[in-house]
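Several structures are given next for inspection.
In the two complexes below, chain A is the common chain; its partner is chain B in one and chain C in the other.
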Partner chain A sequence: MAAPFPVSCARRIQKELTALHAEPVPGVTLKSGPDTLADKSTDINMIIKGAEGTIYNGEEFNLRFRMNERYPFESPEVVFQPPNIPLHPHIYSNGHICLSILGNDWSPALTISAVCLSIVSMLSSCKEKKRPPDDQFYIRTASMNPKATRWMYHDDNV
Partner chain B sequence: METRKLFWASNVSKNRHRSQSHWTRSTVSALRVPVFPTLSSIQIDSGNSSTELRMDSEDDMAYEDEYDNQEDDGDDSNPFPPNQSLNKARADENDHIDVDEDDLDDSQNTADASSLACPRICTPDSGDYDVLSTEQVCQYMNDFVKDISNILQLPATTTRLLLSHFNWDKECLMERFYEDEEKLFKDARVIRPTAGDRQGSSSKSECNICYQTLKGSEFKGADCGHRFCSVCWRSYLTSKIMDENVTDKIECPAHNCRILVDDGLVMEMVGTQAAVRRKYQHGITNSFVISHRIMRWCPGVDCLFAIRLRISPDWVCVTCSQCQLVCCFLCGDQWHDPATCLVLKRWKKKCADDSETSNWISANTKECPTCHATIEKDGGCNHVVCKNSACKSEFCWICLGPWQPHGSSWFKCNRYTEDDAKAARDNQEKSRYALQRYLFYFNRYMNHQQSLRLETKLNNSIRIKMEELQQHNMSWIEVQFLKKAVDVLQQCRQTLMFTYVFAFYLQKNNQQDIFEDNQHDLELATETLSGFLERDITGQNVAEIKTKVQDKAAYCELRRNALVKHVHEGYEKDWWEFSL
Partner chain C sequence: MLEMQIPPSTTVRQLKDQLLLSMNAGLTSQEKDLNTKNLAIIFAGKALQDDHSLQECLIRDATILHVARSREDSSTPTHDTQQESLLPGVSTSKSDTESDHLIVTREQAASLQCAFYGYCRESCSDVTAVLLRFACDKCGGFVFVVDPITELDTWEDILDGGKVHGVCYKDDCDGTDANLIFKCAAHQSRGQSDRMHYLRQIKLNLMDIACTTCGDVKTPVITFSCDPSHIMCLSCFQQYCAHLLAERRFTWVANLGSTARCPFGCADGLIVDPHHFYVLGRRLYENYKDFAAEECFLRSGGTYCSTCGAPFVDESSNFFTTCPNGHRFCRKCGDIAHAGECDALPPPEQLAVSEKARENAHSRQTILSTTKPCPGCAAPIERNGGCMHVICARCKKEFCWICQTDWGIDCMSRHWFA
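Coming up: the complex of A and B.
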C-alpha cells in the first residue's frame, strides 16, 4: 500500500509539466509523464535530440526522471535509459550522469526544465565522444541508483 | 515565469564554484548602523538546547519562555546594557583563556614540526581544564558569541556564522573584520545585516519552490534577497537538518546562492518542531566543540561531556571527570605516551593497511595532500576535490599533485614517470626486510594490547583472590596491595604497547640504545609481575607472595617512570628522530 504523494509535491510536479508543455526546452520532448501521482515514486521520460552542429547530431536519447515524495527538497534521480547512452566523459555507460546539480548542488528552486537545460548544454559543449576514464570500474561497483554514489564531480568545463 | 527561465538559462550550466552572483557589493556595505531584528539572539541559548535530558513538553515550554523573554537582552543598539555584569565576569574568564591561546600560537607552529614539547599530564583537580556538560557547552558558546557580538556590534546570529567560519578563532575573526570587512562577509557567505525588516512587499507573488501564489507577507527570506513561502522554508530546513544532517552551514535554497541561513530564521521556521530544533542545536554545539581548538568531546563511549582546556592545546593528557577515561587532548585517542600523536596516527594507518582490506584501501583512499584528511574515491574522474569543507583543495588522484597544471587533459596524468616506476621496483627489495621488522614491532604491540583487553578477566580473578585472602584472616586494607599491583601492571602494559610504536619509527642513535635498554628492563619486570598475579595465590604462601608482589610492582613503577622520563627528556632535548 503505497503512500500517496503529498499534495504540494504532486501540485508542483503537475505545474512543472504544464510549464514544460508551454515552454519546452529546445531539443527536449516530454515522452511520458506520470499517469497518477499516487505511487511512492513517479517517472517522467524525456527524449533528448542531439542538436545540429554538435557531435550528437541526429542521435536520440531517453532520459528518465524519477521523483520521490520528498521532491523538490530531495533531488530527482536522473539517468539515461538504454539502448542509446550518450558517449560523453561525464556519462557512464549505465546511464548515470556526473553532474553536480543532481547531487550536492541540488536546490529545491531548480526544476526538471533546468536539469534538462543543463544536460543539453553539457552534451552540446562536448568535443569528443568518450566514456569517463573509470567507466568500467564504476559500472561494476555502482548501485542502480546514481544517488547512492558519493560523487566527486568532474571538471565542469569539459 | 519568464524571468525564472532566463535566470536558469544563464546559471544552470555554469561551474558550481561560481556562486554569489546575485548579491552585490552595494548590498553588503549598505548600512553601517543597523537596527537588528529582535529575534537575533534567541537561537542557541542553553535553555532550549539542553536537549535530551528534558521531556519534550517541558522543552517546548522552556523554548516559549525564552522566546518571550527575548526583550530583556534584545536591546542590541547598546552594546553594553547595564544588566550584563554577569556576562562581564564570564568575559574576564574567557580573557584568561585567551592569554593561553596566545602563548599557544607559537608552540602550535612548532608542534607541527617534529620537535615536540614533552607531554603534560593534567589531573582533574589541576585546574588545567574543565569538563562541561552539553548545557554548559551551550552556555559557554552563547557567552562566547555574545562577547564578540558586542565588540563587533553585530547580531548574535551573524556573529555565530562568522565565528564558525573562522573555526571559533576570535582573534582571527576580529583581525579580518577590521582589515577588510566586506571581503570577510563575502568569504564567510554571510550578508551584513541591514536595518529594516525582512518582510517583502505586500503584493502577491509566486513561491519559487511550491509555485503557489501567495501574499507578500507569507514570504520569508535570508538577507540575500531570495524569498520563499514559510511552508517551503520549513520543508527545506527540515529536510536539510533531518535527512541530510546539515546543521552548521545551511545554504539559501536558491540555486547557486551560497549565502548561509542564520539561526534566527531557522528557529523562526522550525523552532516549534522539537525534534528538528533539538537536532539543529546539537549540530551547532557539536561543530562548536569540534572546531574550537581548546575543546573536544570526551571520547568515552556514551560520555556526553566535553573537555575545555585552560592551557594551550598541546600534547596534553586529560582525564574525564565524568567517565574517568584518560585520553590525549590533541588527538582524542587513548593516552599514548611515549608515542606522539603523529607517530600513533601513522602506526594505526599502517596497521589498517596491513589488514585484509589493504588492497582496497590503497586503491580507494588517499590522504588529501593539503589537509591530510582521508579521501575515498568512489566514482568520478581523477580530478578530485577534498570533501573536508574547510579544505576543498583540488588535486589529481593519480599523482596527488595540485589539479591546476593538469588543465583540460585531466585523464592523461603523466606525472608518474619511468623514474618513479623504477624506484618502486627497487623498493620491493627493501620491503621484504621492512615487513619482517614491522611484524616484530607489531607482534609486541598486539601482545600488550591483547593483554590489556583481558583486563576485566584479570580484575575479576584478582577480586576473587582478594575475597579469598580476606577469609584467611587478612583485612580489607591488607589485601589492597593486589589491586594496586594490577593497576601498575596495566599502566606498564599500556606504556609498553606504545613504546613499540615509538620504537618502530625511531632512528638509531645512542639515546635510542638507552631507550631500548629501558624498554627491555620494563618488559621483563612487567612479565614477572604478570606471572605473580596470574599465579595461584593461596592462604599458605600469602605473606611471602605479598612481599614479592609489592616489591615487583614498585620496581615496575620505577622502571616505567624512568623510561617515560627518558623519552620526555629526549623530546625536550631533541634527541629523537623519526622516519615517518
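Coming up: the complex of A and C.
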C-alpha cells in the first residue's frame, strides 16, 4: 500500500481496537495489530474459536483484516488465513468469505467487532461442514484480494 | 423595550447582571430576590447559555433579545424554559418579558454557538453559521418589526416559507408580511441578495454524541432523519458522500431523489434536503447533480441519444428509436441504426458530418474500444479490475463481462476471473 495512511483512519482503527479490548466479542481474541499508528500496513489478526455446542467446537481459526486508506468508507479486506480454514458453505478454501457486509452492504458505521460478530454467528448457525458449490473453480482463478470478487449473495440462511 | 449598548465580548451572565441592576432599580426590596438564575435570555427560539459571549451567539447590531423570568420558586432555569420554542418577537403570557435592544459590533468569524447552519457558496465555500433575518415581502428590506406571533405553531412553518406579520419601517413601504431569510454569518454581507441555503439537518451537537463513523465528538454535525437520529461529523459526511458518489451508491427515494442513507441503514434515516450535498464542494456537487438528474430521468423511462446525448422519452417498444435531433439508433447496443444483427459497427465516416459530429465520432471510437455496452441499458461500461461478474452502476443489471449476458453458474465455472 503506497498511499500514506490518513491520521483520521489510523485513529478510527485505534479506537476500534481499544473498544474491542474493553468489550471483547465472545470467542474472538486479538492476535496482533499494527505496530504503530503511522504504519502503512494495517493488518489485524484475530483468533476465532469455534463456540461450544456448534460443529466448530474446539477449532481455532486465524482471521486477517486489512484496511486501506479509504477505511472506514470502504470495507476492509477480511480473509481466513491458512492452515485451518473453516469448512463452511460461504467460506472458500482459499479463506475468502462470501458475506454481504464485506461487500455491497458495508457501511462506515460497521466495525471490526461487528464483522467478527457476524462471522462468529455465521459459523455458529452452520449445521453442515461443506465448501461452497463453486469452490473448486473459484480458488483456481480468484485474485488474492476477495474484494476483487463480485459475489452473489444467494443464501441468507446459513 | 429597553435599549442597551453592549460590547460583543459581554457574556450572557454579565448581560443578565446588568439587566437585573436596571430592573431592580424600581422595585421594592421584597421583589429584589431575583438573581441571574431566574432569567432566561432568548434569541431565535433558544435560551442562551450563561458562559457564552454575545459574539459567540452571533448577536449583532440592532438585535432584539427577549428576557423571560422563570418561575420564582425555581432556583435554576427549568427545562420548560429552555425548550420553549419561542420565535424572535414572541412574548408569552406566562412570564414577564422585556425586549432589549443590543448594539454589537460586527465580528468576522462564525461561531459554533448558533443553532442554524447553512452552506455559503458565494464566499466561504464551507458550512457556516446562519444569521436569521426577516425580509419584507414587498420591498425585500430588513427594517421590519415582527408582530408577536400567535397563529404560527412552530418554527417549521416559518422555515418552510410561512409568512409572518409585522410592519416594514423602510421609507415608502407599507409591507405587512415578511419571510425568514438566511445570511452567512462568516462574511460581510454584500447586500440584500447575498443569501444562503439553510441546511436543517446540520445541528449543534448539544448532547456530545460521538460521530457514527470516526467516533469523535464534534459540533456541528449532520443528523439523519431516523429516530433517534444518528449523527455524522461534517468531515466524515463529506467523505461518505464522496464515496457514495464515486461508487454510485446513492439511495433512490421517491419524492426525494438520490440521497444518502443513515450509515446504520435505518429505513427512515435519510438526508431529506439534497442541498446538504453542497458539502461535497462545487465540482463534486455538480457531479452529484448530473448523477441525480440522470438517475431520475432513467427511472421515469427516459433514453439518452447515443450520438448527441440528447435526452428524450420514447414510449414505444420499437427496436430502433430516433432522438429529437434525428439520430436513429438501436436501443439494445446504443449504436446508430444498423441493418440486421446488433453487433455490426458503423464506419466512422458515416457519423462524421459536422466538426462536432467528428469529435463525437472520435470519442465514440475511444469509448467503443475501451468499454462494453451494458446488456440492460446500453450504458458504456469500463472494467478496471476485479472479476468478470459486472454490475451496471446505472441500471443494476448483473452480467458477465465475457459473455455479455446474464451472470450465471456457467460463467463462474469457466471464466470467473478469466
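In this section, the second predicted complex is superposed on the first by the 150 of 158 C-alpha atoms of A that agree within 3 Å, B and C clash if a C-alpha of one lies under 4 Å from a C-alpha of the other, contacts with A are read in each partner's own complex, and residues count from 1 in each chain.
Throughout what follows, contacts are C-beta pairs under 8 Å (C-beta built on N, C-alpha and C of every residue); 3 or more make two chains touch, one makes a residue touch a chain.
Nothing here was measured: the structure is a model prediction, and the numbers come from that model.
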Practice item. With the two complexes overlaid on their shared chain, look at chain A and say whether chain B and chain C clash or fit. Key: clash
Exercise for review: Determine, under the contact definition given at the top, whether A:55 touches first (chain B), second (chain C), both, or neither.
Suggested key: neither
Check your understanding: For A:117, is the partner it touches chain B (first), chain C (second), both, or none of the two (neither)?
Key -> first
Review point. In the superposed arrangement, does A:30 touch chain B (first), chain C (second), both or neither?
Key: neither
Exercise for review: Quick one: classify A:17 as touching chain B (first), chain C (second), both or neither.
Suggested key: neither
Check your understanding: Given the touch rule stated above, what does A:72 touch, chain B (first), chain C (second), both, or neither?
Key -> both
Check your understanding: Which partner does A:134 reach: the first (chain B), the second (chain C), both, or neither?
Key -> both
Review point. After lining up the shared chain so the two structures overlap, which partner does A:47 touch, if you call chain B first and chain C second: first, second, both or neither?
Key: neither
Exercise for review: Would you sort A:143 into first (chain B), second (chain C), both or neither based on which partner it touches?
Suggested key: second
Check your understanding: Does chain B (first) or chain C (second) touch A:87, or do both, or does neither?
Key -> neither
Check your understanding: Which chain A residues come up in both lists, the one for chain B and the one for chain C?
Key -> 8, 11-12, 15, 70, 72-74, 105, 107-109, 134, 138, 142, 149-152
Point to revise | chain C-facing residues of chain A, complex | key: 8, 11-12, 15, 70, 72-74, 105, 107-109, 134, 137-138, 141-143, 147-152
Revision key, fill the gap. So, in the complex, the side of chain A touching chain B is made of residues 8, 11-12, 15-16, 19, 23, 70, 72-74, 89, 98, 100-101, 104-105, 107-111, 113-115, 117-118, 121-122, 125, 132-134, 138, 142, 149-158
Check your understanding: Hey, which residues of chain B end up touching chain A in the complex?
Key -> 1, 5, 8-9, 12-16, 208-212, 226, 228, 231-232, 235-236, 239, 243, 253-257, 376-385, 408, 410-411
Revision key, fill the gap. Chain C contacts chain A in the complex at 212-216, 230, 235-236, 239-240, 242-243, 263-265, 385-387, 389-391, 398, 407, 409, 412-418
